[in-house]
Structures are given as structure tokens and as C-alpha cells.
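For reference, chains read A, B, C, D and E in written order, and residue numbers begin at 1 within each chain.
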Amino acid sequence: MAERRLLRRLRPWVFPALLVGAFEWYARRAAALGSDALAPPSAAARAFMGAALDGSLWQATGFTLGTAALGLLLGAVLGIALGLVLGLSRRAAQLGSLSIEVLRPVPSVALIPLAMLTFGFGVRMELAIVAFATFWPLLVLVQSAVQQIEPRLLEVSRVLGLSARERAFKIVLPAIVPRLFVALRLGVAVALVVAVTVEIAANPNGMGYAMMIAQQSFDPALMLAWLGWIGVVGFAVNAGMVLLQRLVARRMGMLP
Amino acid sequence: QSNPKIVFGYTAVSDFASVFVAAEEGYFKKRNLDVELKFIPLNSTIPAALQSDSLQIGGPTPSVFLQSVDGGLDLVLVAGGGLTSKTITGFGLVARAGSGIKGPQDCVGKKIGVPGLGAFLHVTFRAWLKESGVDYRKVNFVEASFPQHADLLRGGSVDAVVSADPFMSRITESGAGYVASYYSTFLPENNQTIVHAAKREWVAKNPAAARAFRESLVEAAGFMQQPKNDAKVRAAIGKYIKLPPEVLAKIQISPPGATVSEKQLGYWVGLMKDQDMLKTSIDVAKLIAK
Amino acid sequence: MSTAADFLRFDGVAIRLGGREILSPTSFDVARGEFVCIVGPSGCGKTTLLRAASGLVAASAGEVRRKGVKISEPSREVAFVFQDYGRALLPWRTVEGNVSLALEAAGVPAAERAPRIAEVLGKVGLAKHAQKFPVQLSGGMQQRAQIARCLAQKPELMMMDEPFGALDALTRQSLQDELARLVRDDGLTVLFVTHDLEEAIYLGDRVIALQANPGPGRPSLARMIDVKIPRPRDQLTTKEHPEYLHLRRELFAFIEQSHG
Amino acid sequence: MNGNDRGRVGINMNRLGSLAMLCALIALWWMASNAGWVSRVFLPTPQATFASLLEGLNLPGPNGNGGNGELLAFTQATVGRMVQGWLLASLFGVLLGAAIGVSPTVRAWVQPTLEFIRPLPASALLPLAISIFGLNPGMVLFVVAFGAMWPVLLATVHGFAAVEPRLSEVARCLQMSRAAFVWKMGLPNAMPDILAGMRLALTIALIVAVVGEMIASQSGLGQAILLAARAFRASDLFAGIALLGLIGFASNALLAFAEKRLLRWQQP
Amino acid sequence: MSTAADFLRFDGVAIRLGGREILSPTSFDVARGEFVCIVGPSGCGKTTLLRAASGLVAASAGEVRRKGVKISEPSREVAFVFQDYGRALLPWRTVEGNVSLALEAAGVPAAERAPRIAEVLGKVGLAKHAQKFPVQLSGGMQQRAQIARCLAQKPELMMMDEPFGALDALTRQSLQDELARLVRDDGLTVLFVTHDLEEAIYLGDRVIALQANPGPGRPSLARMIDVKIPRPRDQLTTKEHPEYLHLRRELFAFIEQSHG
């Protein structure tokens, strides 16, 4: 019985351990052959401790998370606002549909060079791209959320003679909250990925940049440490969002 | 009088040594200049950074600078960085062990990694090929950053790379490749490898600061040319470019060229025209701040 | 046939939806305090008729008048109990909160709401479940919550669209009796749609039978039957009352024939 | 009849309206760039962009002669990379997802690992992948497939987990075999989710392909726009962006159409 | 009391789910060809009893035996018509495909399937809708499709869980009569759950009444009533048969009292 419990506990760690072990072996072999670009995970762990101690880890993480959050805020506010308008007014939705369909599929990363031209580097360009990347999914999801509000509820509001304001705050907004959260979760993931990508491709700040620097300055261990850390940060942010989503769902009686 | 704060952008090459020395020896401070040195990972982003005022002065390679001017950015040169020299063997064509590449003719049809397409090493390498009578269009160039060169050669992804020290010596030491040609030694001497550019508008507004900046570099160049200062120069480089000490000790430092002449810039314009990299005609005289 | 005292009047009301005539011109009157049941096969337009009567859908021809005024928009004086109770409740509000919505809409001050909510919840037997969310309720309880909200509106006219459609027999019977009592006590007028003929006879003062697929020669309104069984009625004796058995037979026969 | 006619006219009016809206946006661009509100270094004129596009696609431009056709080859490369990566992603996503969805054992062993690597941006993986696999098209393909696999994988897992319990009971009552259950209940049930996931995956595949081209120096539209930006050729840059948008638009529309055909059973 | 010839035997079957005793020890027998109806208030365990009888859920105590063999897993000889027909059909298969599923499971060769499908679809009156997907059907048609699938199984025992719960009166009545005919023709044994007492009396040879919340002193099985109304029965005359009225009264009175 105790053994089974132990196995149950250990089970999730078996695969990561195998992966790390295999990588350790491979990287040691490559390093022995004179590779400049691979380091074993054990060295990465040491490099990670170093970065954590000298503060560069927290500074870069703060930059990436902060910029991603700001960009998401910008993209989300615009996306939700326009999504509400398009969701509530069929006319507006029809007018904008073609423009949205044409602009939406432009890959956000294609704008990195343009943003670089326009803003140089720094917070502004990253902000702009993150906002662009998160704007579309939020717009589309909020619009469809509003359009999928139970028509019966809107009829209830008519039968009860609710004012437009009451209808917005008592019916429309609460009704889209669950879907809004799904959209926001997606938005958070997109924001983080795009922020890191922008840093890797162009912007000399944050975690992605730190990783590139590590790679370019001959420090594959540090590079690997950053890669792992980026994974941890993404995992934590995602887990946080799931938690928040559950909390709100429970508060609103969506979960039994 | 007070000068504006200058954020100066540099990349990880020793051609910026005169700037590092000027900062370390206090030549900027002496002229009442407040210069902050900022590391930029990609040389080609410097013009955009200048345009968006992220930097006041930056050190693009001549090819990057000319392309940006060609594209419509209104930049001028304030000063210059390192110079080409026949004595420099700090970069060259490194071929994969067993690839059989010995000279320019062998490059035809091969895949060659360069650290930046359209960047300094790429342009100069193509110039060398052309001079040797090889059509560079028949060579397949791919972009790859320095630290990857060794692995790429070893893995056979490329046949050769245009690399630079300290990466180059690591490759040869590990046996993954050999230097097929220090092609830079075939190029004419005394042309800037790095130029220090600023927005024309900024220079017009702060002519004194621009001049003071150039004068600081001239003084730094004088300092560098005295062999006894070599240790100090290396220390300055080591401070701004993170390099392992043994690498730092061996690194070749290109001679400084603080002032840029029309002839020097004209050389690059000619080179790039040859390679179809410029669309407009460029008036070199207008690009150098007096 | 009709007088100005008519409480609700259908005057040649026809409805087209999606290019199809769902209700052919229909005229009838409902007096104040009357309990009118509407029966008919699935898809014949019962719900549509009710929606037109409350102003949720506009008539394509003719008009509906309430107390002499043409209906164009829903009014708070008319309550509507929707067929799909599961969807008509705000899932993010408790039973109490859902009932409160009607009071908020009517601008009842916050202080007065609690006692009125308690009162209507007591009437429908949900007093103990006031703090529950709709998902935590059984179907019957959800429907009772919706009825409570409608009662809180203090309507003078109540539209009920198959309100007991999906309840079990016992709950259904007790709600039927409860409704009959409420209606009598408050003097409500009710338009009650059901597909259960026996329920219609049991509850109604009058039963209106609709038929499907109206065409040029086929009006939607097929039959109008007065139910003269005395009130109060009860589940056992009323359903063995000769008049009840007679009406049941008559309606079944009619509907079977109009169906075939 | 009447209602029908009105419906059709209404739809045409809507189409016209949305087209007019798009034209208005382009007109705004035209004005902004031609009047010089924004520097042409950043914002080329629509006509210059169009000319670059024609030239790159080797079509006769306004001055009559054909272009160099570079963009055409780049587009092919990018589309090829995107489609191949997407197919790989779909294949592995469905296989792995089905394994996790069907077998609690597989789920217990691998899902935590997947949960952890999932948030890793594909772009961050590129430097490592270059070190391990070298700088070749296969490596980029691997990263594209890796990045695009997740939506398909998650959708498949979800689709399998969400088999209506009643249907599982139907399967039990009919004593269906496990394989029959997977094939007749699990996969069809997951189909809408899988298709939605594949649509998302296609978008991601395009994005990662572009990033891959930018960072790993593979020839394609990603590299083309990056080089255009480095050389400050704004009109070429915009032409590349427009082409990428077009690829996204067309592939999305194509999949939406396929989805509609495949999911006929959902429509009343 | 019971003989070896018993077709289905409940022997002290008790069921605990989620830590609560839902069914207290219950024993009864069903003979081959019998039509047994089970009634009781919502949540009393009717569905659970049926699920135990078919092996979908395991008894916590006692055992269910079919033809003398203890039931542990569902069998193809027993068909189960689920209460929620909307969920029991594969939405991605047409009516035909859904029926075919039962044949595929039984390993019927592809060539033989078509005629058998056509046969059962004819029996339930869906021949014309064979190519439609479930979403394109009304509730009644979906339920008939499910019944068709169960018939295709050629079961000897059929479990039906409120199969007509959400149908309109007319469809319901015609399906009741159709079912009675099918059962007689094929000699099926049926366990039929309903919350409609009248339906139970109308269809059953025997009615078993369950009560909710069994406790130490309260067995789940509350009443067992034999229905001695002759067959074939029909909607009008049977429901006025004195025995029918009598049983109705008796059951109602009992259930009302056990409810309160």
C-alpha cells in the first residue's frame, strides 16, 4: 500500500528525470567533443543559482512579466471594448467583419521588424506587439461570448423592463464572465510567448534576451537555465490563471 | 555649459575599443560629456534605435549604416571606430574539416554561414569573392550566430563559416574546422569597420557635444597607439565585453580611426553598389558631420 | 361578442417567422381573472402566440390589445414563465438573487426586497433553498424559482409556457393545485400553454386548441371549449367528474382527428 | 418569397458595407502615408507596397516589366514549412492525445511532463534545437511541429475525456471492445475539438515558421521581412507582412470550410 | 415464493452510492414476458434499480440473477433505453448508423445489416428519417431511434427508463400503444420506469411503487400492485375501466400519504 502511494507520488517525475538524465549524458558527450552551445543540466542548475543570486534573474523576469502584463492590459481593454460593441450590435459586426478577417491572421511576429523600425527597442515596441497579439483573440472571443448569451436571459431582461445600464451590468457582463476568463487565459499565454519571442528576435531586454546573451557569450549552461526558468514562469502563470478562473467560477455559482 | 546625456550603443567587438578607452580614461568626462554605454546584441538594430531616440549615438557597421540611409533614415556620422588592417587575422573563412575548401573558387555551390546577412563580414566576404573572380551569387549564405558555428560545422549543416575570434580559434583547436583564408588581409587597409552615427537632427541641435565626442575618441586613439597602454586597453575592452580572460589576452585589436573621411565611406558605398545593396545614389559628403 | 371591458384581446393576429406563416389570423378575448389554457401539437405555435401576447414578438398582421392599449413591448405588469426554465434563470445568482432581479427592475428599495422575496419563496415552497444557485436545484425547483420571480413582479397577467412540462407527476400535481390557489387568491389572469390535455381541462376555465400548419383554409385556432367544472378542483374527484371525462373524450377525439 | 428576397438583398448590403469599411481603412493608410503624417520609413504608401508585391511575385508591375519573383519562392518555402509542421503537429497531437485520453496509465505518467513543457515558447526552444539538431530545415520543422502540437493535443485529450457518460454506458451495454470504443466513440466525439485545435495549430504553425525563419536563417517570408527591415525597405517589409496575412487568411478559410463539411452532423 | 423458472430475480439487492443508501434491500421476481412498471417520486432510486438490474452498477449487497446467473456486467441480451435519449445517441451518426451500432457490436455481417435496420426503423415509424442526424430530429423521434437501436439488439429483456418522459401527449400515447404491441409480438420482458402513475397502470402487468429515503424502518419497495385490466388496452376505454379508476385512486392515495 505504502509502496503504491510512493509510486503514485513519483510517477509524474519519472519522465522529466529520464529526459534530464538523457540530456545530461548527451550534453556531456557533446562538450567533450568541443561544443560551445550545449551544457549539461547540472551546469545549468549552477548557472541558475548564480543568476538568482546576482539579481539578474529577477530583473529580467520582472521586465518580461511586466511588459507582457501591460501589453495584455492594453490589448485586452481594446479587444474587450470592441468585442462588446461588435457583439451587441449586429450592424457593427457586419461592417467590421471583413476588415477583421483580413487583419487578424497577420502573424504578430511579422510585426517585429516593423515595430523595431517604428519604436526602436525597449518597452514600447514589445508592448505594441504583445498588445497586437492579444487584441485579436480577445476581440473574437468576447464578441462570440456576447453573441452566445442565452437569448432567454435577454428576453427576461425585456420582460422585467430592465434599463440598458442594468442590462449591461446585471445580464451581459456576468453572462460573459466564464468565457471572458477562457479568453484571458489564452491572452496571458499568448502575451508571455510573444514577449519572450520579441526579446529573442529583437528587443534587448528581459528573459528572452538574457537567454540569447547567454548563448552568444558562450554560456550554454546559463542559456539552458534560462530556458528552464522560462518554462517554470510560464507554468506558474498558467497555474495562477487556472486558480483564478476556478475561484471566480465558484463565486458565481458556475461550479457546484 | 551642459551637454545632453548621450546613450551610446555598441556591440561585442573590439572595434569599439576607442570608445571604451575614452570612457575609462575619463576623456568624456573631461569634455563634460555624460556618456552611457549600452550593449546592443544585434548591430543591425542600431539605426532603428537611433531613429526612435533609444540611443543618441551608436556604432553600426558601415553596411548597416548605408542601408539605413538608403532606406530613408536621416543619419550622419559623428566619428569612426576600428579600421581594417592587413595585420588583423581576427576573422576569416573557417571550413569544415574534410570539406576540401582552400580558396575562393571552392566556395561555389557551398553553404556558408555568416553571422549576419548583409552585415560587415558578409559584405566584405562577398567583396573578397568578387575580387577573386568568383560569382558570390553561386554561394549559398545562411545566417548563424558565432557560438553556433562550431556545432554547425561539426554537424555538417554548413560547409564553412565566416567567423571571428575567439570563436574561430575554438573551432580550429577542437579540430572541427580549419581556417581556409584570413580573407580580410586581402582587403584594402584603413577603412572603418564600425562608424559612429547619430540622427542629423540631434547633431544639428548639439554640434558641440558631437564634436566633443569625436575629440574624445581622437584622444583615446592616441592613447591606444602607445604599446605601453596595451594592458589598460584590454582591461577596458574586458569591462564592456564579457570575455574569458585567456581570450581577452589574445584578442587582436584593430587600429582606431576616430575621424571618417569621404574616401573611406566612399569605399563602402562602392562595395555595396557592386553587390546591388543600394537602391538610391548616396552623397557621401552629406553623411559626415563636420 | 366582445366588450370594452375585455382584458386581453387578440384581433386577427397573424405571425410570420422565417418566411413561414406560423400563426394564421386568430381572434379571441380573455376576461380579467380568467384561466385560459392553450393546447395543440408540438410546433403549432403555442409558444409563439404567448410571445406575441406579451410583446416579445411583433404580430405581422392584426394586433394584441391589453386593456385597450396595443401591445408593442413587454411590460412589467405581464409576467412570463418560460418553457425552458433552466435557461431563464441567471446562473450566477442564487434563487433569492433571481427573484430579487424582478424587484430591482421595478425599482423596489433594497430594504423592502427581503420580506417580499421571502414571501414569494414561501408561496412556491422554496424558502429553504433561497441561498442555492440554479445548478444546485432540481428541474422542479428551478421552475418554481422562475414562478417565484414572476410572482414577485406582482403582475396582473401571467403567461405560462408549459411550466410543468418536465416535472414528475407528484410535483406537477402539487404545483398545479398550488397555482390554482395562487391565481384565485391574487385574482390573476393566466394564459397557460400545455401539451397535456388533461392538465388543460383540470386547470382551465377555457381551453383553446390550436392546430399545426395553418394554410388558407386552415385557421390556427381550431376549437374553443368552456370548462364548467366547479372550483376548487382536486386531483382525485375532479378527474372522475363526468364533465371532465366528457371533455377529455371530446378533446382527444378532436385532436386525434386533426392530427391524422 | 418576399422575406427571402429581403434576406438576400440584406446579405449583399452587408457584404458591401464590410467591403466599404475595408476600403476606408486602406484609404486612411493611403492618406496617412501620402500626406506624410507618418514617416515613409515606417509606413510606405499602399501603391509602393503593391508595387513591391507585384515585383516580388514576378507579376508585371505598373511599369510593365516582371519582377524577380523572390517573394514567390519565399512564400512557397514558408507555406511548405507551415503545412508540413502543421501536419506533423496534428498527427502527433492526435496520437499522443488519444493515448492520454484512453489510458489513465499513460495519463498519469506523461501528462505532468507535458504540462510543464507546454508553456515553453517555441521560439525559446530554437537556440537549443539549433545546438542539438544543427541549422537545418528539419530542425525548424521540428520546432514548428512542437509549437503547433499543443492545441491539437489538448483538444484530443479533452474530446476523449468528454465522451458523454451515457455513450460509454451504451458501449458497455452493447459489450463493445476497447478498440471499437476508441474508433466509434472516442475519436468521433473528439472530432469537433480536434478540428478546432487544428485550426488554432495552423495559426501557430505559421507564426513559429516565421520566427524560425527569422532566428534560424531559413529562407522564407520571415527572413525576407527581417532583411527588408534591416535594409530599411519598408515597402518590401509591408509586402511580406501582407503576404503573411494573406496566407493566414486563406488557410483559415480553407480549414473552416473543411470543418463545416466534416461536422455536418452538428447542424440542425 | 419463487421458482427456478424465474426470469429475473432481485434478491435482497441494496445499493449505496456516494456514501448514501439509495436502495434498501429489495427482493422481487419478474417472469418471462411480464411488463413490470416501476413508479416513485423523483430521486427514489428508480433509475438506480434499473441500472443494477442491467449490471451497469454493482449491488452493494444481495444480487440480481437473470435466468439463474448472477449479473455482473451488461449483456447484449438486455437492452437499455435511457431516460436522456438526447445523450444516448451518437450525434455523429445518422439514425441508421445509430441502429447499425448495435448490429456492429453483435458482429452482424455488413450485408445483413441493412434489412434489419430497415425492419426496426419501420417498427418505430422512422423509415423515412433513416438518413437524418439526431440534431435534425424532434425529441420523440430521437427516443424512437433509441428504441429502434435497442430492438435491433434483439434483446430478451428491455429496460426502459422514463422513455416517454418528455414527449407531448399525443406522441406519447401513440408510442405507448406501439410499445405494448411490440412487446406482445416479440414476447419481450420489460422493466419500465415512469413517474406517471396513469402510464404505469395503463402499460403494466404489475406496478412496483418505490419510496424515497429508505431507512432502517423504511424499505425502498413500498407497494406491489397487480394490474388485471385485460389486453389489448386502448387510450379511451381502458382509462375509464373501473379497475383502472380504482387502481389510480389507490396508488395516488398511497403515494400522497407516503410523500407527506
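By definition in this document, a residue touches a chain if its C-beta (ideal position, glycine included) is under 8 Å from a C-beta of that chain, and two chains touch if they have at least 3 such contacts.
Every value quoted in this text rests on a predicted model; they were computed, and no experiment measured them.
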| item | value |
| --- | --- |
| Between chain B and chain D, the fewest steps along chains that touch one another | 1 |
| Chain pair with more C-beta contacts, A-D versus A-B | A-D |
| Distance between chain centroids, defined by C-alpha means - chain B, chain E (Å) | 86 |
| Between chain A and chain D, centroid-to-centroid distance (C-alpha), Å | 18 |
| Centre distance in Å when chain D and chain E are each reduced to the mean of their C-alpha atoms | 50 |
| CA centroid of chain B to CA centroid of chain C, Å | 85 |
| Interface hub residues of chain E, defined as touching at least two other chains | none |
| Multi-chain contact residues (two or more partners), chain A | 35, 37-38, 116-118, 212, 215, 220 |
| Touching two or more other chains - residues of chain D | 41, 130-131, 229-230, 232, 234 |
| Chain D - residues contacting chain A, complex | 14-15, 17-22, 25, 41-42, 108-113, 115-128, 130-132, 203, 206-207, 210-211, 214-215, 221-222, 225-226, 228-230, 232, 234, 237-238, 240-241, 244-245, 247-249, 251-252 |
| In the complex with chain B, residue positions of chain D that touch it | 39-41, 130-131, 133-136, 217-218, 223, 227, 229-234 |
| Chain E - residues contacting chain D, complex | 54, 56, 73-76, 78-80, 82, 84, 87-88, 90-94, 101-102, 104-106, 133-136, 153 |
| Residue numbers on chain B that touch chain D, as the complex places them | 44, 47-48, 51, 64, 67-68, 70-73, 113, 117-118, 142-144, 148, 151-152, 155-158, 277, 279 |
| Chain C partner contacts - residues on chain E that touch it in the complex | 41-43, 138, 140, 165-166, 168-171, 195-197, 235-236, 240, 245, 249, 252-253, 255-256, 259 |
